[in-house]
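One chain, subunit A, links the two complexes that follow: it is found with subunit B in the first and with subunit C in the second.
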Partner chain A sequence: MTEAVASPRAAALRPGRAVLIAAVLAVALAVPLGLDPQGYPIRVLTLTLLFAAMGQAWNIVGGLANQISLGHAGFFGIGAYASTILLRDFGLSPWLGMLAGMALAALAAAALAVPTFRLKGHYFALVTLAFGEVMRVIANSWSSVTGGPVGLSVPFAPDSLWMFQFGAARPYYYICLGALVAVTLVFWRIKAGALGYRLRAIKENADAAEVIGVDTFRAKLQAGLISATLTAGLGTVYAQFSYFFDPDTIFGVATISVRMALIAIVGGVGLTFGPIVGAFFIIPVEEFANAALAGRAAGLSAFVYGAVLIAVILLKPEGLLALFAALGKRWRERRR
Partner chain B sequence: MLEVEGLHAAYDRVEVLHGVSLTVGAGEFVCVIGANTAGKSTLLRCISRLIPSRGRIAFMGEDLARLPAHRVPGLGIAHVPEGRHVFGGMSVEDNLRAGGYALGRRADLETPLERIYALFPRLAERRDQLAGTLSGGEQQMVALGRALMLSPRLLVLDEPSHGLAPIVVAELHRKLVEIHKEGVSILLVEQNVAVSLAVAERGYVLQSGRVVLEGRAADLAADDRVREAYLGI
Partner chain C sequence: MSSGASDYRSKTFRLGRRAALAAGGAALAMPFVSRAGFAADAVNVGVVQPLSGANAQFGINSRNAIEMVAEEINAAGGIKSLGGARINLIVADSTSTPTTAATVAQRMISQQSVVAVLGAFASSLSLAISEVTERRGIPLLTMSFTDQLTERGFKNVFQIVSKGSVLGRAQVEDSVALARENGEEVRKIAILYEDTAYGTSQAEGLRAAAKGLGLEIAVDEGYPHGITDVTPLVNKLRISGAQLVFPVSYLNDSILIVRTMRQQGVTIPTVGGAAGYVIPDFVQALGDLADGVLSIAPANYDQAPEYTERFRKRFGYFMVHEAIEHAALMGCLVGALEAAKSKDPAAVREALLATTFDSGWATVMTGGTVKFDATGHNANAFPVMVQWQKRELATVFPAKVAKAKAVWPKRG
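== the complex of A and B ==
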């Protein structure tokens, strides 16, 4: 059995791990100070942190509740559109718009959950995929509100925390770091808490969970709502960071939905640090492949990116964290 | 205590139970025997509400047919599902504690836990081991212990001896008799006809979704039809 299913009571922080987390966090806080606040590296890092947070939000429903969603772009886009439209039409602070988007995403998730949670495996994945696509079509065709295929620009405002707008990338970096820490804490609380216990029982055996009295539908619904709500909040962060988005990117299957799942799966699905490791692998590899190979042959960068992902999954289907653990073990054995 | 009347159940459109009726009295040990595909597991899954059905199911006057599955254990019915289905990735003790889930957050789990460890000393020895790494017999003990955490009024067992060595089966049934003596009613479903009729007080023979024979266990064991069809004598 892997770490993913270790006893929750054993999930309490070990001292060594706490020191490691504190060190990584200190480095994460210090890094932007040494980088050009407008530069390319800090933008990539900010995006990586944001995608790590998104992967972590996905991990709640995909990793803990074991429901593979391929439609999280739907919630992500709801967050982005809600805050941006409220800002454009009413001058509302994106922080408040974020709350509105989160509430809307929770409603959408609840409406989606009732017919879909009875579905298993790939049927569930297909329905969520359709949900994301429906949202994309709506955004494309409801031009009077969403701006249609042209997309939406975030109205310009001078540097202001209240209006969630900054000239440099550095404040966004810290906001994304904060978001990642917050989502990770939520994930960890759920995993180590009563809901995590229920979800693990359902994951291992739904019938056995029911006959001991676990309301499997309710537990999955709670996880789904929390995951969707957090994803919508991150959608607002993305909109404010990128200033512009259109339906095809924000509701994109490959750009958002699959990437969120991929980040969690490649890092280690269901593990607290899986999406973080996954994002810090996938986003830089993608950026590097784009930067280094884009000029060569058409599609070469996508090909290299795909090949790297396939290699990881072939090497260790449980993800990078498991791969690192195996490599570390082998290395220690060889030294002996 | 448990009354089932005219129970029909179907998978998709194929009906597998055609009007089954049975009762379990307070403190009774009842077994349902029959060949594979007779509908024994389906019957239990209906009682636990894991699948929908038509017909009356009442437990201590309460209409079960209207309840969702997760509400059933709260009434005092503990189901040990077929194929054990322990939570393999959890420790033995966590599996047992999970069994007390329906009792609520503030329930005292220590008393039933001690009682189960006393009944199965083997589980006490292995309390921190992952349940998935235990032998089949031990996993069955975990599944049984998990059900007993509820201090149930009715214990429902689905093929507990399936895939176990004869010596383990004998031990398991000794435990069931012990549990029954403490006042727990038992509804046991088994393919292993000889053993179940030896421990139960009363029995039903299920064939192709219908009760074809019922009576005292000793009478059934002596019945020519049962002996011929199931005991191979």
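== the complex of A and C ==
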């Protein structure tokens, strides 16, 4: 598809790219210092980083193995509910609750893998979609534990790193930045490593991969477990950042599942920087549309947001990174 | 990972970027600076409502009411204790997503320095906003029902309506009391509910209330949301001997149930739980068949027609309860601003807690006056029972505020 996918060597860090990454990271670290720590811009940036990390976690299964999951909200919500319920009932630090949620999500992913990873294409997407919906229904009906349809509030606590709670957005910004870097490193290691080769083989042709000795089920299971675990961890981060969530949002198809996939796809599916570019495009556009247009006609902001997305996909189905690459190439050629 | 050379390069790059960011930020901030200058005297009030999505109609009703009250206040000379400061509404769409609602609230707090936020109809949206407003010390004025809002120890939430659990209990208790007023002792009731999150949780509340009164639940049936034929349900109802029926559904299913009951001549009094039962769409769909249908309501427009008719005149439909409650909240906020003589949110919060609001739009709530207790709940509010009579909603219970006598079907 693109050079990065075709030749795994491209995943290795080139010196020019290392400089660029260091520069971007330095900017990312410095930006909050110039922003109101409780303000609106830093909140949008924090959400953007969080969604970039979510898109990246999705990218492990969706991008590398081309297993389009539309049920990652299931894992995301497991993470959010696990840590919040443990905090509410036992006063357990959300960091420990996060580990519990990640373990639960790994179990759920393993249980889901047995019947689904034999499935291909649309069927896999449909089953994962159903998984997310089942989780939503459970959270809605099991009121004694989940709080039911009203949702769950994270108990109020003073600022504390151990209790993962801060009045201002700035600490969350750095936590989300750290999460994005961590998930991206995991993605990059997998992509450059043996598992990445196996997943790419499955993506190109699962039967051929099996013939040459790739244990396709095992490779997909490993990728699925890692992806689900990371997603659950991010669910805890989301719960602690927004302090409140309800089943329809946290297990939502449009709010979480599809958006995770969309961020990776719009940015460039399977590419290390795809979800990051995707999130930095989608979340601000959505915010800007809401801020600029919501006061006018009802639904106009959602309409504009949708129209922009359609335009991007029509213009460059491979994603924004491919679009940038094409523009960069044209620019360089013109300069010559 | 990075060499010394790249360190050096990244540093110079960073400086350039920071300068560019500062310049860009300044450019972006320009409109706000000029607007702040223009609106130096105005009081910014945040309005976060679901203007798109499933709850859009309710959000729009609420916004209409808030805008109408703000215009009336401004036309009458603004906030007098602040030198005639005008109310400047900052309206934003929460959509149906709690995260968006919270983000939008954050935006208006940090960019428009709002003194308070009004919103956001749906409980999940209001809960999400309250997490932001509490941490920023901005009062949130709301008409969402859920008990959670004022039971988390928050200091900046003001809930003007009866809580959800109170409404649920009153739906059963008040209708039984109303039946007694009409010479009927209720022993058996029927509960029909759509099998959604909303339906099942409401049905649970009804069951608990019925149990508390020692009533027998003769029919307890869930049905799929969007059901197309309710004849079997209505037949079951007819032979059950139930004396009251509680069909829990948002709008379309309850319309179908009431219509089928009427067509089959089943006259068991039907009691709704606000939501779709007390909106113009209900009577538009059913016409005269709506007559006699009861519902619990947190407020009703016939309690203060001198105010609520202004809404009908302007917007062409009766003042629905969320509009009444938001108008009352706006009335309380105006009163608090007058008392606080300040645009400081903390002072406004103090005034909201200290004042008994007994004039202007604050009087349209049930109870006639509004007084927030230490938890921020309006202790004076109580639910009323309303009944469709000649295509209007009439308050029929409790007697102290009833505007009409309940029409009760003759049994037999």
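Here is the rule we go by: the second predicted complex is superposed on the first by the 332 of 336 C-alpha atoms of A that agree within 3 Å, B and C clash if a C-alpha of one lies under 4 Å from a C-alpha of the other, contacts with A are read in each partner's own complex, and residues count from 1 in each chain.
Here is the rule we go by: a contact is a pair of C-beta atoms (placed from the backbone, for glycine too) under 8 Å apart; a residue touches a chain by one contact, two chains touch by 3 or more.
Since we're looking at a predicted model, the values are computed, not measured.
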item	value
Partner chain(s) touched by A:A26 [first = subunit B, second = subunit C, both, neither]	second
Partner chain in contact with A:L47 - subunit B first, subunit C second, else both or neither	second
Touching partner for A:L314 - first (subunit B), second (subunit C), both, neither	neither
Which partner, subunit B or subunit C, touches more subunit A residues	C
Doubly contacted subunit A residues - partners subunit C and subunit B	none
List of subunit B residues in touch with subunit A within their complex	48, 50, 68-74, 78-79, 81, 85-91, 94, 98-99, 101-102, 105, 130, 132-133, 146-147, 150
Touching residues on subunit C, where the partner in the complex is subunit A	1-2, 6-7, 9-11, 13-14, 17-18, 21-22, 25, 51-52, 56, 60, 91-93, 95, 97-100, 102-104, 106-107, 109-111, 123-124, 127-128, 130-131, 134-136, 146, 148, 152-154, 197-198, 200-201, 204
Subunit A to subunit B touching residues, read off their complex	1, 4-9, 194, 197-198, 200-201, 204-205, 207-208, 210-216
Partner subunit C, residues of subunit A touching it in the complex	18-19, 22-23, 26-27, 30-31, 34, 36, 38-40, 43-44, 47, 140-141, 143, 148-151, 153-154, 156, 167, 242-249, 252, 255, 287, 290-291, 294-295, 298-299, 301-302
